[in-house]
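Shared between the two complexes below is chain A, which pairs with chain B and chain C, respectively.
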Partner chain A sequence: MAEVKSWDEVYAIVLKHVRDVLPELQSHAFQPSDSLRELGANSIDRADIVMEVMETLSLDIPRVELLGPRCIGELVDLIHAKLGNA
Partner chain B sequence: MPELVISALGVTSAIGQGKAAFAEALFAGRHAFGRLQRPGRSEPGDDSACFLGAEIADLSLPPRLPARSARTASLAAQVAAATLQEAWDEARLDQVDAGRIGLVVGGSNMQQRELVRLQAEFAGRAQYLRPSYATSFLDTDICGLCTELFGIRGFACTLGAASASGQIALIQAAQAVAAGQADACIALGALMDLSYWECQALRSAGAMGSDVFAGEPAQACRPFDRRRDGFIYGENCAALVVETAASARARGLEPYAHIAGCAWVMDANRSTNPSHEGELRALRQALGQAGVDAAMIDYVNPHGTGSPLGDETELRAICDAGLAAASINATKSITGHGLTAAGAVELAAVALQLRAGRLHPTRNLDDPVAPGLNWVGAQARQQSVRWAVSLSMGFGGFNSAVCLRHPQA
Partner chain C sequence: MSVVGIEAMNVFGGTARIGVIELMDHRGLDTKRADNLLMVERSVALPQEDPISFAVNAAKPLIDALSPAERDRIELLITCSESGIDFGKSMSTYVHHYLGLNRNCRLFELKQACYSGTAGFQMAVNFILSQTSPGAKALVIATDIARAVLPEGVELSMLRNSEWGYAEPSSGAGAVALLVSDTPRVFQVDVGANGYYGYEVMDTCRPVPDGDVGDSDLSLMSYLDCCENAYLEYAKRVDGADYASTFQYLVFHTPFGGMVKGAHRTLMRKLSKADRQSIENDFNTRVMPGLDYCQRVGNIMGATVFLSLASTIDRGDYSSARRLGCFSYGSGCCSEFFSGVVQPASQQLLAQQRIDDGLNQRVLLNVEEYDQLMIANRPVRFGVRDLTLDPHGDRYIGAMAKPRPLLYLSQVAGFHRKYEWVA
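== the complex of A and B ==
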């Protein structure tokens, strides 16, 4: 069951999984405006990141609902909203 | 048909990474056999299962393989990238038009252990399976990874022919260059990453040893010896660069060998049993294409797995092809059987022996099944080889043979 988390907590979880999938970014100073695509993540990398975040948060929502965010901050906004509704 | 050569090569194996380390171990007869230890090579919770073989201890990855790619690349794919790097550098393929470079990856179903491990990891939570499995489960992920890393823009494919895959990759690469499909084509015999499921079936089917030497791994791999009881697995991979002699010369390369003749024939037999007729036909076709009389062949590199029936059948074919006087050794006695990789690894072994003017020993050949043949036994032998032939066979009726000529012959 998904539990409610603050925006900052979700952001930290997302960054953890971004670093898992893109180990080259260990020391990158992330900003919410960073685009995963521009950081070098291809579509499969991005899908892996989102899936790891979903499992960490025990979320099971259709992937189509997670399409659209253009930057990490927008992805966190979307997931945070889903958690709030869970 | 243009004059084709093997202009460069790379090898990664349990007995050494890089052709220098590989050749040194080959000539010394230094093996790496033991109990298979890699995760996924024994059934979880069952310590009684004990498969023998040789595993790569410390794989050095090429700097151009980013950590993000290594994360989802199977062992077979990582080893392919490392092996290709060595061949690529030696061949100076950065100087060749990327659109004119081809890649034939020999093998199918190479990533079995990786798949078993991933499926076990996500069992019970399949909805969270990493999406990258959609591409990494495909053998052709090896093509994708290698062409991305090296910028290859000609053609690429995998080519499955069971344990003949590595040699047949070379034959296909040669045909592609001869047909003008590529200026340089890499034939890569891919590492076959067995899981405990394949090990179990290969043991049960009587192909993989060793019940006899379960407690003595160093003794278990003994092709052509009377006490052999099946093949012993070995992790390995080789990459061979095929191009015309003129193209190699233009980049200042001294070829390892000329590819004088190739043959690839089927037995019309789905099963595992060898065919004297098929092997003989492959040998005769390869020598015929090379235009060389059997009496001119100095050295035979046989498939020689340690299979009780396979070894005897192969020796009969070799003798009936008129090759009984040629020197003969068994590369797998040192490397183990790389299955999909074997044919390419053994062609690399032939190329390195041609260049060294030396033939590597055969381990554990205490009591040869055909003692009258010209065996290179426990010690390496100095010998200048002008003409060599190598054989490969695979389950499902595959037979192939490649005839190589020393560049100065």
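== the complex of A and C ==
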């Protein structure tokens, strides 16, 4: 069962997995408005990040429900809502 | 009586190919992280090649190896494709003609994006299992091309740094022919061991005759969702199935290698809780043998999962019998996980088709030649009524070292296609 997390906690978890998948961004100063695509993540990288975030949060939903966000902040908004914080 | 599967199979990957990284560079695409896409080359269809010529060229050696009595037992011929040339008339009718098969044979075509080959295969398997015509054989040919055509009004220079053709580097051309019968010398199906999973999703499609439209992120997510759920359904039906240990090899529908690597990693994490390094080792052992041909031909849609099966059989170690788990996905979508057994003798039989040699014999194009083909391909658009081509004088067809005569499109007259054998 997914645990309820604050927006900031979800944001921190997303950034951790972005850095895991894209180690070259280790020292990047992230903004919620950053786009993963523009940071150099291809579709495989983006799917990996989403998978790892879902796993960390024990979020068990179809992956297709996490499509649409255009930046990291929007992805956090969506995941935060899916965790029951809507 | 429940023995069924693939008696013989063959791959035809066309006459020409191009290097994928070179093509991506030419289009101004970022190749910095291209290594993890695991793509090498793709086949390129010539104007004289269409899904019918590909299908016949894949199946011809299988038919030639049969006695006349065996050939006459082919009672079902299914073409599986999303590249059809007519909304009514099935490509199987042309294939039937050029292969010289018995007229007491069911001829039709079916479609469900990249799942079509599996759909046709499963229908053939059930035809054999039903024993309504004992001893009959079925010929299933998955054949697909993504023809590189420069749209009217578009200049070649406009393709650089554009969103045009997101799938251009990964789309191939080719066909895989499967002879399905009750003597499964190449791949014996585990009867009833099937997990299927499908739903409506608009990920990639062909809403117009000569163009693909797609959302690569949505398609990837849907593929991953299906990969997991089709396997879970399989595991529900097969006692004791274990993703990490039941299958010595895993065969995937392969749009491009990187996608398969991501899917395998996802499933191994989820189903076996394996760590990063053991997943990497497992990928190299169980999955890589199936990627070789796919990395060289590109995505041939309905035929891709069987291209990967052929690669797995040719490239694996069969010192004893092995069980293969196969995952098929077609956008839109429908998917299936099924399994079967390959014997040591199966590998020797498939080796007779010399698939690897056939892929090496394709003519390697440079990007300028490829761009010129995009213009040369314009007249072969869907719905062409009249057209004359010269397969005998073509420089690429002439340059290919052919171990046997191959069939090429020579004419379209009042929509009717005519083909000629070129030695």
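We adopt the following convention: the second predicted complex is superposed on the first by the 84 of 86 C-alpha atoms of A that agree within 3 Å, B and C clash if a C-alpha of one lies under 4 Å from a C-alpha of the other, contacts with A are read in each partner's own complex, and residues count from 1 in each chain.
Quick note on the criterion: a residue touches a chain if its C-beta (ideal position, glycine included) is under 8 Å from a C-beta of that chain, and two chains touch if they have at least 3 such contacts.
Fair warning: this is a prediction, and the values are worked out from it, not measured in the lab.
*Asks:* Which of the two partners, first being chain B and second being chain C, lies in contact with A:Val64: first, second, both, or neither?
*Replies:* Second partner only.
*Asks:* Figure out whether A:Glu55 sits in contact with chain B (first) or chain C (second), or with both, or with neither.
*Replies:* It touches chain B and chain C both.
*Asks:* Where does A:Ala47 make contact in the superposed view: on chain B (first), on chain C (second), on both, or on neither?
*Replies:* A:Ala47 contacts both chain B and chain C.
*Asks:* Under the stated touch criterion, which partner chain does A:Glu38 make contact with: chain B (first), chain C (second), both, or neither?
*Replies:* A:Glu38: touches no partner chain.
*Asks:* Can you pull the chain A residues that chain B and chain C both touch?
*Replies:* 40, 44-45, 47-48, 51, 55
*Asks:* In the complex, go through chain B and note every residue touching chain A.
*Replies:* Residues of chain B touching chain A: 66-68, 71-72, 125, 127-132, 134-135.
*Asks:* Enumerate the contact residues on chain C facing chain A in the complex.
*Replies:* Of all residues in chain C, those touching chain A are 30, 32-33, 36-37, 201, 215-218, 220-222, 224-225, 258-259, 261-262, 265-266, 269-270.
*Asks:* Over in the complex, which chain A residues touch chain C? Could you list them?
*Replies:* Its residues touching chain C are 40, 42-48, 50-51, 55, 62-64, 66-67.
*Asks:* Using the touch definition from the top, list the residues of chain A that touch chain B in their complex.
*Replies:* 20-24, 40-41, 44-45, 47-48, 51-52, 54-55, 60
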